[in-house]
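The first chain written gets the first letter, and so on, giving A, B, C, D, E, F, G and H; residue counts start at 1 in each chain.
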């Protein structure tokens, strides 16, 4: 089991405050008109730092920036595509159904993004792995077809960008890579 | 859009190294016998720190520890339950189908955990919100029934523990809280 | 059967050219490396204008603009939400999982948007209809909970914006309305 | 981003009136006995024309006409088939389960129609693309099997007709093409 | 176990010939280019008549006729609806997504039709049963909302017609009943 | 459109009475304690005979007889299998999870039965068709694997029997054929 | 953790032989023509007895006997119903779609059986619990409607029998209880 | 039909008591605050022993022990994996989403475990069977990819352990086998 060092633990606390706001989160998280009654405070105690780890994510704003760069690149070549950004946890964090893109492109983009972030490689590369392991493509959520590109931080995968709708997977992937490139700035 | 401060950015790098290993992640992440061919290095560039945020998670070991505490508490009262731990992203990170627990308990536990972490409150509290907003319970993935408890770090929700199978939701939730308590140590 | 007038038919052709490009669409729509072989031209003939109707949609760019206005409005009140835009056809055209929004918010936002565009009314209004017709909420794809707002063109519904994650549906809907307002400019 | 010209904008308004009725749509769109309460008028404002695009669809009557031509063609050859018409948005707009058609034909027809409109090509052509890109067929909603034919307007795809149940995909597609041909009249 | 009388058995044979064609069905039912190889004739033997029962269905043509009458009735009152016809087996045999109908109407119509044929009563009547048995509406596939009407033959249910999209369930059901009435002619 | 002859129409009535009981069906079809209120008699009128067709089904008792023969055949060879019988409409009419059969066998049996009745051929034969049309197996609901056998009446398919769990598809199909054979008696 | 006593351990072995055959199971469990290659024997070692527990199930033959008694009881009262038997693990072990039963009855029966075995009580009793805990019915797989009855061994639940299709849940449950009674003989 | 011998019947009773507790199960199995009303005792009678069979399962504690051994083995080689344990009934009894494992690994592990226990062989062996029976992999729930290992008791399969996330299926399976080995102690 990975245990964070003491130093990391201290950092963790700092990050948590920065990322989640000054301890007010618990009080505002409901989704109904009713204000949350006084919390059952005695029972709720914070998790000990040794039980915690951190993960790195794109901000929603960054995902939007990448998507825009992707759509711009496609538009420049008169291609109609849909785009999706998927987190390292496998959760979709952004989708845009491009104007005039085929209906199959929406879900295809999402699955390409999922695949790219899962193996931290462009889906055009991953397709080649099917020669040795053809059933890889039977893993739920995946699509082994060019058009997905991984996003990394310190070389570790943090997201995938998936594009679909252009006449070839290579073209789709070129646009996805334009989205990745926009995140390096 | 939330932008991390410079200080946070520096921290981010450090955490990423600690959490994900020394830059080797990208090279080992495949799930097939075929080694990854030389990566398309030119295109892949790390995301800029301003595009990143951090989130805090339970380790898998911590989830197991909490689940064990939950099951022990149930066993002490001769109850047969199932338990689940769900991340703040909504992803299940652990499930245990308890010996002799009813078949409905497995998925009920998962949904209670999801509900607790979504609103950062015990599900026994959340049930009361249905008086004012009865359709809250129609949100996919939720179950508004006692037995779910949130796990927090710096008062922010990071996970939910869900328990099902005991004769009452209150009893289920007592066991879930035992799991939460184990994480404070 | 609705038949478009002659005048409409002429217009239809014009719009189609503007919207879909100069007849090149058919040639570029594949999603594979293989170029499309010579089309089976004899069989494929254009549909007669009398068989056609037009529908109005938000552009993807407009959806992004609305989503941004929505997220900005939420940020101004320190709320963490997810947002979705759904077409009058019921297809999702944009989603953004907001930073720090609860995991339940992503799909809730999508369903609120679907509901608002289906009945062309804010979901806070639609909730009231459940008093007379409580099973309306059993229609697949819907969520009768404040936070969805319709987008109209010439008073006809063309899209819905859905928001979830704030402490109340009213607050969610306020942000959704900010997105709608951005489209009036 | 595609922006409609001023001229197009004017046209858009005209079409909208023709297609959706004289501004009464918002008032009649509910699906419950309860009349819609006074609308929250201040907030609801029409979307600006620059945010809009048009798309062309088959009317429901045209889809029925095409389906009838398809079924007639099949009957003439003593074949029992099911037929489906799918919109360019990927939404099914008509299905008919033909008398005596096998149970697999209903959903197969729907997927063939989806596939044909997605790539604007007959599915018998699309099957050939699998030689170069075999994983195309893993895109959700598709079926790469003869029997689907695209419907176009100004050479752009607006719908797909799918047929299944005959002893060969070629025969299925012949019937689908009969449906397409009926729309050219 | 119900056993058909000798007389019925004779009739059965006659009907089967009329409904399914002159014994050629087995030979033509494939859906691929490959002709069926010589059948494994020794093993395949017809089921004994005592093991058989008959059920009555609408023809596809009748379903289309009913749908047209439904849509005509709606058009006469300027309503935009979708319609579905479901068999006594619970299988959808026809759907039409009406021009301008809300996106929620398509699946709602299908479920109303299913519900009407399941209990052989209009869904506006069935809604009333929820007073005594509110969980009836939790049965998969059902929607207890006005707009579904049963079709009978000799007082036994053989199909349901479902309509959705009008401002009230009563109006939807009026149109569905127009479809039923068209079948009595 | 197929129209039944006058003679058939008379027969139809007779069969309906035999199969469905003496007109009492409508009155007893509810699934709740509440008695059906006086039926809306004016609107409900029987469908005209010209709109009707008949289909032939196995009785539930026959399906049970066939399943028993299948299980007996398997037991005789010390094989543990599951069995399913699927109607020509594609609806499952019987399943038995055999003692000690692997968990994959239950759903595999159901899909084999569906496949056999869809194409009116043993699935061991249908597998061969994949050589010419490999994507046939992508049709939803199907499984192209030995173990499914069609049941016919007057050479037309009326049901499929599917078996799974034995070490080979051939063995599974042998047991399924034993079930078919039992129906010829 | 429950640990079986030494005596139980010995028994376990005996039962396993009786239930699963003389050690040949591992060798014959494939579902393909290819014989299993020599097993990777070194790695496969039996689980230690302390890691094992036993559970009690109905045999498939017993499930069939119970289903027959259920259908006979319904037939005696001229009711058309479907029946399902579900294991304590929540897996369906038998279904029969009764002649003439409504299409909603098949899946309703399955869910009633699941519910009865989950809480070891007739579903007519369980409905009453909704007064205090109305969201119990939101647990996936359940249906809180009369017609399900538990089967016990030594007072512990081992299966549920569910019936649907009669005019009331009470009647459905009477037939289910007839099935239970048949197992006591 | 398998009938347990007299001796087995006696044993069955003993085991049931040991496994399920002394007749108190029925009274405590609810999942709501409401105590179960007096049971409808007359109807509920125990199933006769001749209708019963036993099956052997891993305890939840054993599943946790195996999972821990699996994760330890992976950690020793610096691999990030997820693990699942699936019962011979096909029900998942444990999952752990490993720290840093790709998002595809969670569900892949579950399916590998299901596959291994279904055919009582390592999935690396089962992949080879696809040469002769390529459609085996179309059986729902399965994944024919190295990383799944069966757990046996008296040579009969009782569970499967599935691992995913390492760069090769062989490596995944090595970790799964470590889990199996831990159960032999």
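Keep this in mind: a residue touches a chain if its C-beta (ideal position, glycine included) is under 8 Å from a C-beta of that chain, and two chains touch if they have at least 3 such contacts.
Predicted model only: the values in this text are computed from it and were never measured.
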Each chain counted as touching chain C and chain G at once: B, E
Self-contact between copies chain B and chain H, residue sets same or different by half: same
Interface with more contacting C-beta pairs, comparing C-E to F-G: F-G
Where chain E and chain F are represented by their mean Cα positions, the distance between them in whole Å: 18
Centroid spacing, where centroids are CA-atom means, of chain A and chain G in whole angstrom: 42
Rounded Å distance, chain D centre to chain H centre (Cα mean): 45
Sites on chain B at which at least two other chains make contact: 1-2, 19-21, 25, 29-33, 36, 53, 59-61, 87, 89-91, 99, 102-106, 108, 118-120, 133, 136, 139, 145, 157, 164, 169
Pairwise chain contacts under the document criterion: A-B, A-C, A-D, A-H, B-C, B-G, B-H, C-D, C-E, D-E, D-F, E-F, E-G, F-G, F-H, G-H
Residues of chain H touching chain G in the complex: 1-5, 7-8, 11-21, 23, 25-26, 29-34, 36-37, 39-40, 43-62, 65, 87, 89-91, 118-122, 125, 128-129, 131-133, 136, 139, 149-159, 177, 180-181, 183-185
Interface residues, chain C side, partner chain B - complex: 71, 75, 99, 102-108, 111, 127, 130, 137, 143-145, 164, 169
Complex contact set, residues of chain G against chain F: 19-21, 24-25, 28-33, 35-36, 59-61, 63-64, 67-68, 71, 78-79, 87, 91-100, 102-106, 108, 145-147, 164-170, 172
Touching residues on chain G, where the partner in the complex is chain B: 1-2, 53, 86-91, 114-115, 117-120, 133, 135-136, 138-142, 157
